[in-house]
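Two complexes, one shared chain (chain A), two partners (chain B, chain C).
Our next item is the complex of A and B:
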């Protein structure tokens, strides 16, 4: 190539044609308008949607997100009360926090101009510091489809409805290993469930163990504060699942079924003992008597025995479990399951005296005087009556009585056209049992189906099995024949009146809607109360009872210092897990009172 | 008479150096007799960091291995994870990935235009090409939400689907760029100053090139047709029509010509991809990232970046974090051994010029 290359000299000069053209660069004040709809700028958090689960903080590898308390946000069930604060000096705007936010409250905005001479200003609380304009300029966000949270629960396999009514075989079949691992892997370990569980079980920990494939570890973790996990794994009211972070956009983690899965790793009491391998302290010589082998009594008994106490449980009936044995039908909680858990407890030293009713077979006062402490888990046995005419007729009975007889192995004639009155789990249980006994069953409930306090899975299960549900129906009178046997039920329909105080709507009878149906029996299931006749009158003055329940302090201690109470007869929540929690708390208090 | 021997240090802070690294030169007059590279200013230990972060968290740091062209890292990381886990990637995602990679190649070459010409003192070229690169970054912003660090290609597919109107905007940008490339030719390739500077400078011996493990445009500039996209096609490159250019010569000039050809070809590839892209899913969702484990196994994957073959070796022990990730980038060869050899006998004024022609990227050398 010659040094003098004319083309080579002139070509670059054509660049001069660019003179006078508009520049490519965009000047500063216009810049903000140019952020795209997906731009990953400063954070914004919808404070009301945020539940403070801390998943954003966990995923952030720059440790740019702290969960802090902020003014105006209170913690409640399902909300830790904490909100994320972002350190913009650490953030790399990868937006993983947005992708994993289970509620979708956290997002990034188009705002990126951030100039400050003070490094402390980098700490910035989304939704507080950009409260004014943040929501309008949200750009990078995640919806249910893009979110990395897995919102879909692994379905539980169950017997078909038509198959179920043929026997009392357990309806729920349980997860297999693969299903359990998959379901456990959905959990983000936020721990909101732990707060909500009356017993504060270590839920994220045992779910983690299951996800890791270590089921025995899971069982040990569970036994740390719940000695009846198999029962809970089958029939718990699972308040944990109500607050699960996943419920905000999808299905809660199946915490109950996962617990059930973990307990199934131990086939019998012996294997349970081998796996759990609890440390049993040396006997300390203190004698504890427990009245009632229900969930609270068994729990107190188990943990007191582990702590070296001499524990004796007095149970009026022939089986342990209380309402979980005599109230819950066997297709939900098989007798063998309870027996396995109880015999494990007996193997570590819990003594249970069956068929021993305190107040009849043993004097309460004597028991109290001979023990270092007494725990009462006596439950609610006495059913409420409906308060309508005809309740004394033959064929009008109470659900708890009916369930008690059937669960105890007996039989009761109810005919083939049964009406159950009530909308709680007991009503559904009685209805499904009657259905299994071949009756045509109708549940009559005052309010709407969505108002029923029963578990939605139970309601669905009942419907699958062919139980009819008549919502907004008010029973008026039970009519009998000349032999005093129930033949008809007079009822009326109701309409829902909104409560002026903001409570749930009230049912009101519609005039002229009265009707009559033919029935063979009417089962009432509107609630129970306690029977405290075992307490001698001279002690009753010292034990404070309010609205049918023992008054207890945080330690489950009654007004008599050495007397503790838990379960339905002391706790308004009235479910098994609350009873277990009561028992567990009382153990700590008894130990503190007698040992330390 | 021998001229006096002097030691010169270029870098780590020097506008002619392509990043924070230093070249220690032994010169006699203007001629380099010995060159020694010194790195260590940009080591962030990404490979080790990845061993402490879960499979998803690691994805956001790989882009930082090479700042001007982050996407091949994301591609490699994702493909290695997918290979070990056996995770399927939807067809649409594969097309979107190829488009992203080709857009990244165009953006990188546009930046290279600036570096290559700037180091020859031709500063206008850089202003034009970097200005035009902004339009590619606009596309990235629309697509990924980020202009430089896209964090877009992730295990299972891509993070978001194409936004509305993206195809049209991308095609408009491609048309614009194609026209601009003719202007670039006039300004740079037809410029006799550039030709004089580039021809016969920094010659890589064709036989040595293979021995040293040279890849990418420097290898193709030696007349060897080698391109991972063709030799070992990944994603959907086997369904696309393109050629691997090779030009004999091995100097800065042929390397520049290879890039000049490839940037046009990438524009064409983006058009092909946008034309052939099927509908459907763009992402095969991973499980909850906190508990996402990958079966034990290992994988070696490679991607053709703008600077050549980029490889990742990854090992999983079955846990929720990588056991080991080894990153093997092209700059490791180009920026150290090759550079030290090439500089001997060259003029001291060509150091930066040669470095740019090799696509040296210090952050990638050190990782």
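Our next item is the complex of A and C:
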């Protein structure tokens, strides 16, 4: 060691170099303090982005978060209407609530000063109590990339487009067990989806059962209010997925595919019966007749039979399922799948009289008088026509007729250059079926692709299979040769005129854009309507029909008390799950009317 | 990021790989080097990093509960003030009676971290001096940072509900009331708690 340490002696003097420099401390409260960028202070919630799913409340280990009603926030489909309130006396600012917020509406701010005269006053409603300044001082916020939640759906395996058009084999392959468990585990069980499902299925419960590996429980929960779940698992319009909490920043839970997975674990009708093992009540002696073995009729039949009613379904055609059999192509819903579900229903006591058309083979009035109640699920089987010249030519047909023939196992000559008119699922179905029959197919739709009412997956599927879509095209005339056979379609292009009232834009024909294309057939798919000619004239006054549909109350009861109606001929949503919901509601009402 | 920028990071890793038996090691990114070692290698690696490689600052020490593997992972984070590189040393011990060497003779402040990890996870450090109680007082449950400690249950038992919280609603039931959904009893065990 040196005699004396020079550095040690000089060190205090080096402090002088700080003289005149800006200090690191601040003059509080004259100068505001700045918390760090990821500081975790008091909560803030963007009330408009929040959907009240309650995931924050569930994850909170300190039970600090309540979901409460807030003035000015109304619940709607996809939003419970509740908002979180934090007990700051319990909160430890771990920010797990922010991490798992599916919408990203909840965050923590740089604000940590909370002054109140009441020592018990720790309740804090984010977004209400800091409405003015909260948004400007957000610091710790939810980041999708690092979130504990998984925003990406497990992809569904399906056949390649070029492979699909070779046959009517099912295009979607379904989840295997591992995929289903993983996908089910993404669900946060908020249950907001149940409100959007017309049938209010117990979605979070059956998904949770799948996630926990109890597929049989999942199937039992599904069968509680849907007797055609495999059909729904394949072709449902799945309004539930539209409002899934995960859609706000990622992919909705594949609710439809998970339902499909659960139903496919029961390979046939007997196994389904063993698993579901429903309680069948003793016969109560009441006789119910059902017209039409479509989704609503089958649903009413199944649950009425379970409740001890003597149920007979009268079906005009040779197969049950209605539009789901005759309208939906087999590559989406194989005949065996429907067959399995229907034979399960028959096994618990639902009687179906096939090839029996009410109004022709059996009199409606007689049926009504001999039954304690009648349920009509007659559907829309009469297609609308385009209303243009040349529709009576050979080679001009309607999509539902075409699908009916093909799905019924028949054949129909349409040639190799087919035009389908329309933009709904029926149009896409007809186009994809025609493609499988080897035709070159063009869909002509008068609005834009984004205006098409068909499912986007269906539109994409059609494009993958080589269906050509011509948007903004208006058919004008179908031209035939001297033998009365379709050879050409005259059409025009349209432009979109915005609706001043805020509705969707309307197509308007562009002058001089008329053109002609060569075709072998034109398939119209612009909608259907009901055929109620089976109702005798002297009963027509008693059964009110408005705009082509039976007028029904909440119980699906028509203006004739013992007559109920459901499905397309009674609701405006025109899908299978609404029909199932109608059937289920009618069952409860019929039971109430006749038993309780 | 050019390769040249990672020169110092790679140099440290190469040296360690020559001197010690590593269970794993990588340059995670610029200014971050990570190695995995057996517990018995902890003291030599840390001493070498401090005395020979310039990692003089001990920044942090933390623990992760890998309950599925039946192991705790203790992470030592060092800092090179000149090269500005973070050096992560990770080691794993059994969740049952796991013991690690004490390193507070290398950095005095490690003592505080070790006492915290001992209390929160239940890992013992050989020869660690310091009061058994660190933050928790009269704690009679399992160490609370273990993942199998049921915080929600503990909270439910320990704390009362503040008055004014009675208006809380259950989201699932609240939405159910708006529809006519009737949830069967056997399904309720699958509802969210």
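Brief remarks follow.
Keep this in mind: the second predicted complex is superposed on the first by the 562 of 596 C-alpha atoms of A that agree within 3 Å, B and C clash if a C-alpha of one lies under 4 Å from a C-alpha of the other, contacts with A are read in each partner's own complex, and residues count from 1 in each chain.
To be clear about the criterion, a residue touches a chain if its C-beta (ideal position, glycine included) is under 8 Å from a C-beta of that chain, and two chains touch if they have at least 3 such contacts.
Since we're looking at a predicted model, the values are computed, not measured.
In the superposed model, A:150 makes contact with chain B only, not with chain C. Looking at the shared chain after the overlay, A:40 reaches chain B, while chain C stays out of its contact range. In the superposed pair of complexes, A:337 makes contact with neither chain B nor chain C. Contacts of A:80 after superposition: chain C is touched, whereas chain B is not reached. Once the two complexes are overlaid on the shared chain, A:24 sits against chain B while remaining clear of chain C.
Contacts of A:521 after superposition: neither chain B nor chain C is touched. In the superposed pair of complexes, A:100 makes contact with chain B only, with no contact to chain C. In the superposition on chain A, A:319 makes contact with neither chain B nor chain C. In the superposed pair of complexes, A:189 makes contact with chain B and with chain C alike. Residues 58, 61, 188-189, 208 of chain A are contacted both by chain B in one complex and by chain C in the other. Contact residues of chain C toward chain A in the complex are 151-152, 155-156, 159, 161-165, 167-172, 174-176, 178-184, 186-188, 190-193. For chain B in complex with chain A, the touching residues are 53, 56-57, 60-61, 122, 124, 128, 131-132, 134, 138, 141-146, 149, 151, 159-160, 163, 183, 185-188, 190-193, 195-196, 199, 283, 285-292. By the touch rule above, chain A contacts chain C in their complex via residues 52-54, 57-58, 61-63, 66-69, 75, 80-82, 85, 87, 89-90, 120, 122-123, 188-192, 194-195, 200, 202, 204-206, 208-209, 212, 217, 220-221, 224-225, 585. Residues of chain A that touch chain B in their complex: 1, 5, 7-9, 11-12, 14-15, 18, 23-25, 34-40, 58-59, 61, 92-96, 99-100, 108, 139-140, 146, 148-150, 182, 184-189, 208, 211.
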